[in-house]
Every structure is written in structure tokens, then in C-alpha cells.
Amino acid sequence: MSRASQWIAIVVVAVLALLPFVPGAVDAYYFSFLFFVFLYAVMAQSWNLVAGYGGQISLGSHAFFGLGAYTTAILWSGNYLWGSLYDSHPNIYYFDPVTMLLGGLVAAIAAVVIGLPLLSKLHGDYFALGTLGFGEIVKVIFVNGGDFTGGAFGIVAPASSFGTLRPHYWVGLGLMVATALAIRMLMRSRYGLALIAVRDDEMAASANGIDTLKVKVAAFAGSAFIAGVAGSLYTFYIFHVGPDSVFDLDWMLLPLMMTVVGGTGTILGPILGALVMYAVFDLARIVVPDYHPVISGLTIILAMLFLPKGMMRLSRKARVAGA
Amino acid sequence: MANRLLEVSDLEVAYGDVGALWGVSLHVDPGTIVALVGANGAGKTTLLRTVSGLLKPKAGDIRLSGQSLVGKQPQEIARLGIAHVPEGRGLFRQMTVLENLELGAFQPKARPRTKELLEKAYTLFPRLKERAQQKAGSLSGGEQQMLAIARATMSEPSLLILDEPSLGLSPLVVQQMFSLIQTLHGQGVTILLVEQNIHQALKVADYAFVLKTGSLAMQGTGADLIADPEIQKAYMGVLE
Amino acid sequence: MVNLPPPEILLQLSLNGALGGAMYGVAAVGLSLIFGTMRLIFLAQGAMIILAAYFVRALFYGLGIDPFLSLLIVVPVGLVVGWLIYQGLFRKAAAEEDRNVSLLIAVGLMFLVQNLMTVIWGGNTAGVVTSYTASGIELLGVRTSFTRSMGFLIALAGTGLVILFLRKTIVGKAVRAASEDMDAATLMGISPHRVNAIAFAIGISLAGAAGVAVATTFPFNPFAGFIFSLKALVALALGGIGNVTGALAGGILLGLIEAYVQFFISGGWTNAIAYGVFLLVLMFKPEGLFSRPYKKA
């Protein structure tokens, strides 16, 4: 990124951060729109880490998102974390960093447990299929989890007075910026180089002394961690965490699509893709409410037919060609 | 010049940003065996794969009987008369020997004559007739190589390209392989042969080109190159 | 001691499981063909099956055409639609190295078809009720549904025809060759686009046949297709990816597993156990349960 675009990024983030102070902004439609863009951008980054940079197509992100959401709802509704402090501070679980980190951690641990056997045994499409199967298994386990998971209905978090979306918005923005920066730093580190090496040529990477399994599992776990934290944030928005809502395949398919449309293996691609695709979906929902999922399907197809490399790649190519 | 079957001029090929061939020119005259030799990584396989359309050249031209092949798909080039036996043989291992041979005559020109061509292939490779119903993957290494060559001849190509036919075969089978190449030559088949077994290759070749790290280092008749002290020192010292 | 139920119950379970599983099988055969040449997980296959089921239903209630007779319409239409889907949607993507693109087009197609169906026919569960829907027949001394048995026959016949095509015709052999090694196939003069289009045409016409079977046996809704795709994937992995006979057998096996789990454990765990088996097979026998290894040279 050039110095100029760094400044542009800082200004954009600052404007977004100050937006809630604009009178009326919080009640405006675009406010919740932006919150969802942030949430999807985080999910897209999560997928991009394992698939775009790591080259391992995972079709199980929704499982990690759901694990984060359920972890949060269970900790909260059972008050497993803050004991008597909860009585004096009824809002203590809201955006509680410990709760959110635990959401990510549970997802990451699940990713290590499932990733070790899957990634050591399966390659390419087989890994993709395996993660898809894993996602379905996790969902069924939660449906059958009895009182602990609330069965097919799920868990309703004991939401108290929190009438504004402001904190959701800020946390969402913060998460989006933090994941982007963290992945950017990661990809410039030795680990990032190793990850790229494994993606481009696993044999060669292994011959150069890289522990490819460790590198791949770490990317998978990192991706799961990000998805888990995003799921946790979603719980503070939706309150009712059920198997059909947080394990919905859309939590995997949409971020995947956004990343590919924005540009896989780039930092800004997932953010740009989330913004554009969510805008298209939302616009379709408002303008042609009966047909909006049809339009979504059509958009994906058209984007893939005419923008198969994603928007970031396209602009990069144009720049190279122009230079 | 007008008589050349294959004419490669100033060919440049790159994998991404990494160059593999830098302006290579060579030619094959009808009815000859031409050997392309050189060390590992010199670009021999790259050149063959570019000729048959599996790789796209960055610059330069490839002509078959005067017609340019650049920009054509591999299946189109196959139909124009080039049969390429790739490195690793490219057999359909799960399919039977017979099915592999039938697919050799897949293209429209040869398909109606599949039966006749099959008989011809069986006379040249009687072993394959015995094994017709066996899966290609179950054959021995030598038999697999025979099958790959037999399959390539099923389309009666004007140019037969062989990439390392002796790779991984025992010395005895390598001998059989080279005498087979000469038999095919005797039947008027034009052959472009890539080999690491340089001595053998130069012995059967009418003409040969030496590739060195992506560029043409030398050319001459097979007999001339065998006698060349530099060639002997660089490539055959270890082998002989 | 585990109390085994009486043998006639076991037989009934096996029969029901096998008959239902054959439908996963026929969907898996289509997936197998498409995966074979294009290395694409065609996630929209289930949606295409449901689309065919709605089409069969429309033919029945609109024009009075018997669902089984409509095979004569649905299968050829499927061939044409499959060909068009390839040429219109996947031809360009097939040339790309990045296979995410084709996968996403399949996902987009799935969304599109699902939601078009919702717009046209509504999101409620639909079905086809004929004079023989409730009738049963005697099979192996067990009474079973007539329509399910017909569905089984359709699955067998469809798979049989595909196998004949792949084994006996030169074009079918070209499809198999391309599935095994696309580069080597092009060197034989085989056009990748042609074999891909053929795989798609056959895959979608099989979806049409499966649609007839689904329409006559199950109630369905526009979103039932995705689960069907997943089940077909499981069947595919059980049978060995790229093995057509195995795909059908994998479907039947999956149907059996589901029937037994449902009876002996609980309906709620059926999917988890099915996917668990799927993961285990992927990891420990990725070539599938039914592949015959040949002697290596």
C-alpha cells in the first residue's frame, strides 16, 4: 500500500468511527447496513486467511461462526464468567472482551481438533468436502445438545436495556480494522511467507523445512478464531442464537463470495467485496423484495462470469498495464 | 525450407514471470528422427509441451507444414497431425489397453479406421494384443511405454513426439525401445525425440539439437554431435 | 444384550433404506460425472432435482401427464438444459485455473433456482398425488410403496444407461479418459469443452430422472435441494469420487445407514452420523469403499 492510500484508509476509518456522533445517524437505515458490512467483512477476512492466503478451500466457516455465537450465548445466559458481578452490572456481558475472545478460542480449538486429522489426510476438494461435512455435524450436535444448547430452538440471551446500535457499530468497525491490520502484519511475517510458500507449492515448502501441516492448521485455527469472534459479536445483535440462524450456510457462502468478488489473497478485497455485495443484496431486498434472493443468485453468477479474478486483482492489473 | 515438417522459430516460454525458453529455433524434416537433448531443466519438456499446445508461448512461432500452431488448443493440434507421448506417458490407467488404443484413434480422421489401425498396432506390438483387456495401470513400465507409443501411432500422425521414452526402464527394455523407434522410422514416421540417454538418442537421430538452460547450444547431425568432444565431455562422460 | 428386532422389521428397514438411498445414488452419479471432467463440486444438483420435481408436478396438474410418463419429456429436456448450462455458465470458467469461480457459479445457480422456484410456486411444501401414490407392492415378502420401488427402478435404469454409455461408446470412453487425465485426453484430440458439456448434459438429465422419483415419493419444497446435494456428496465419497457404479452403491449404503440410525438411535442423529461416516471415509479410504484396487506395476 502506498503512503497516499494509507492516509486514505486512516481518514475513511476515522470518518466511519465518528459517524455515530452525527445527529440522526444512529437511526438511519445505513447505520445497521454498515454494521452488517463490518460483520461480513470480518467473516470474509476469516475465509480469506485460510483459503486466499492458505490455499485451503474451507466450506466450514459457518460452523466456527456458530461456535462463537453459541459460546457467547451459553456463557452469558448461564452466567459462567462473572458470577455475582453480573448482578450489580447487568450489562457486563455486552461486548465483554473475555467473552468474545472465548468465543474465538472455542472455535479455534475446534479448528485444531478437526484440522489436524483433516489437513494431514485431505487435500484440495477433499478438504473442502470434509469441512462441509464437519459443519453439518456441528449443527446436528447443537440441535441434539439438550438443555445445554437449547436444542432446535437454541438459546435466548438475557438481553437487558441496550437500546442503541452504537456499540455494535464501533465494535464491528474495530474488529474489521483489527483483523485487516493483524492479517496484514501476519502476511509480512515469517509465518506469512511460509503460508504463501505452502499454498504455492507444498512439496517445495516441505523440502525447504517448513512444517506444512503446522502452517496450514495454524491458518485454519486463525481463521476459525476470527469467525468465532464475529459470531460472538452477532450474538449481541441477535440475542436468539439457534442452530438454523447461526449455523446457516449463508455465513459461509456469503463471505466466500464476497472475498472472491473483492479479490482473494488481498487485504482490501474482502472488505470491498463485503461492501459491494452486501449493498447489492440489500438494495435488491428493498427494491424488489419478492425477487431479492433471485437477484443475489444472478449477481454471483454475473460477478463470476465477468469479474472472475475479483475487483482488487482487476485494479492491480489495470495499474500494471498502465505503468 | 519449404519442405520442413515442423519449424520452431525464436520461441520464448515463461512460467509466470520465470523464463523457461529464450528464443529457441529448431526444425524437423519429414521422415527423419530429430533428437532434442540437454541436461535436466534445460527446457526440453517445456518445448514439447508448447509445440503440442499444452503451454502457450510468449513469443515466437511454431509451424507444422507451414501452418502456424500458435494460439491453437492441444486438441486442435492433435487433429492437425501431432501425436505427443508426454513425460510420464499420460496413459489412462483405469482404462483397458484396448480402450487406450481406441482413444488414440479418437480424432475424426482416424476414428472410422479404428479396427484397421488396431490390427496394425497389434502387429507392431503383439504383447498389447495379449493384454488388450487388462487395465493400462497394471502393465509393467516397459509395456506401459509401448502402449503409450502404440496409442500415439493410432492417429497416424505426421509428427510423433516422444518425451523421455526410456525414463525408468531397465537397460534391456531401453534397447527394445530404441529398436522400436528405428522400426517406426523405417515405416516413414517422423519423430521428435527428447532423451536424457544422450548417447542412444544421438545414435538413432538424423539430426539433433542441444538445449542448455533454455537456449539452443549446438546442433548438427547425430553422428557429428556424438563425435564432438564438448558433447562427450559435458553430457556423456557420466553416462558412458 | 441388544435386543434385535424381528427379521421382517430388519428386512423392511433395509428395503426402505435401499429404495430411498437409490435417489441419493442417482444424484451422486450426476455429481460424479461433472466432478470427473471438471473437478467441480456441482452444489446446484439438488436444486436441479427439485426443479425437475416441480416441472413434473406442473406437467401432471397442468396437462394431466402421468409423472412416470413425463420421464420421456424430463430426461431429454434435462440433456438440453445441461448442455446450455455448461455453454452459458461454465464454459468460460472451466478455462480458468481458479476453480473457486466454477464453484461459486454453481452456488449462484443454486440460489437462483431455489428462489425462482419460490417466486413461481411459493415456498410451501408441495407434492404429487396420483391414483397409485398410496398403493403398495409385495417385494421380498415385505410390503413396500409402489412409487418408491419405481424410483429405485428409475435410479437403476438411469445409472445403467450411463454406465453403458461410458463403457460402450467412444464418446463415453473419451469422457472417462478426460476424467482421468484431461491433458492427456486433449493430446488425443478430445475437446475439454465437449466432454464437459456432455458430462453436464447427462448430469442434469439424471437430475430430471431423480426429479420424477422425488416428485412421486416425497413432499418437497424449493429449499430441499441443498440437503439433497449434501447427501449426494456423501454418497459420492462413500462410492469413490469418479466411480459411477460406486456412486449409486454409495447412495444405497447411505440410505441404509440412515434407515438403521433412525430406527436404532434417533432421527435427530441421522445427519450427524451420515456425515461422520463421510468424514471417516474421506480420511481413511478416500478412494471410496467400492473401488477395486488393481495390482500396481
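Chains here go by letter, A, B and C, matching the order in which they are written, and residues are numbered from 1 within each.
Please note the rule applied: a residue touches a chain if its C-beta (ideal position, glycine included) is under 8 Å from a C-beta of that chain, and two chains touch if they have at least 3 such contacts.
These numbers were taken from a predicted model, which means no experiment stands behind them.
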Farthest chain relative to chain C (centres taken as mean CA coordinates): B
Central chain (by mean CA position): C
Distance between chain centroids, defined by C-alpha means - chain B, chain C (Å): 42
Length of the line joining the C-alpha centres of chain A and chain C, rounded to whole Å: 32
Inter-centroid spacing, chain B versus chain A (mean Cα positions, whole Å): 51
Residue numbers on chain B that touch chain C, as the complex places them: 52-54, 73-75, 78-79, 83-84, 86, 90-95, 99, 102-104, 106-107, 111, 114, 135, 137-141, 144, 151, 155
Chain C partner contacts - residues on chain A that touch it in the complex: 51, 57, 117-118, 121-122, 125-126, 128-130, 132-134, 136-137, 140-141, 143-144, 249, 253, 256-257, 260, 264, 290-291, 293-294, 296-301, 304-305, 308-309
Parts of chain C lying in touch with chain A, wherever the complex brings them together: 35, 39, 41, 89, 92-93, 96, 98, 100-101, 103-105, 107-116, 118-119, 226, 230, 233-234, 237, 241, 266, 268-269, 271-272, 275-276, 278-279, 282-284, 286
Complex interface listing, chain C residues touching chain B: 170, 173-174, 176-177, 180-181, 183-192, 294-297
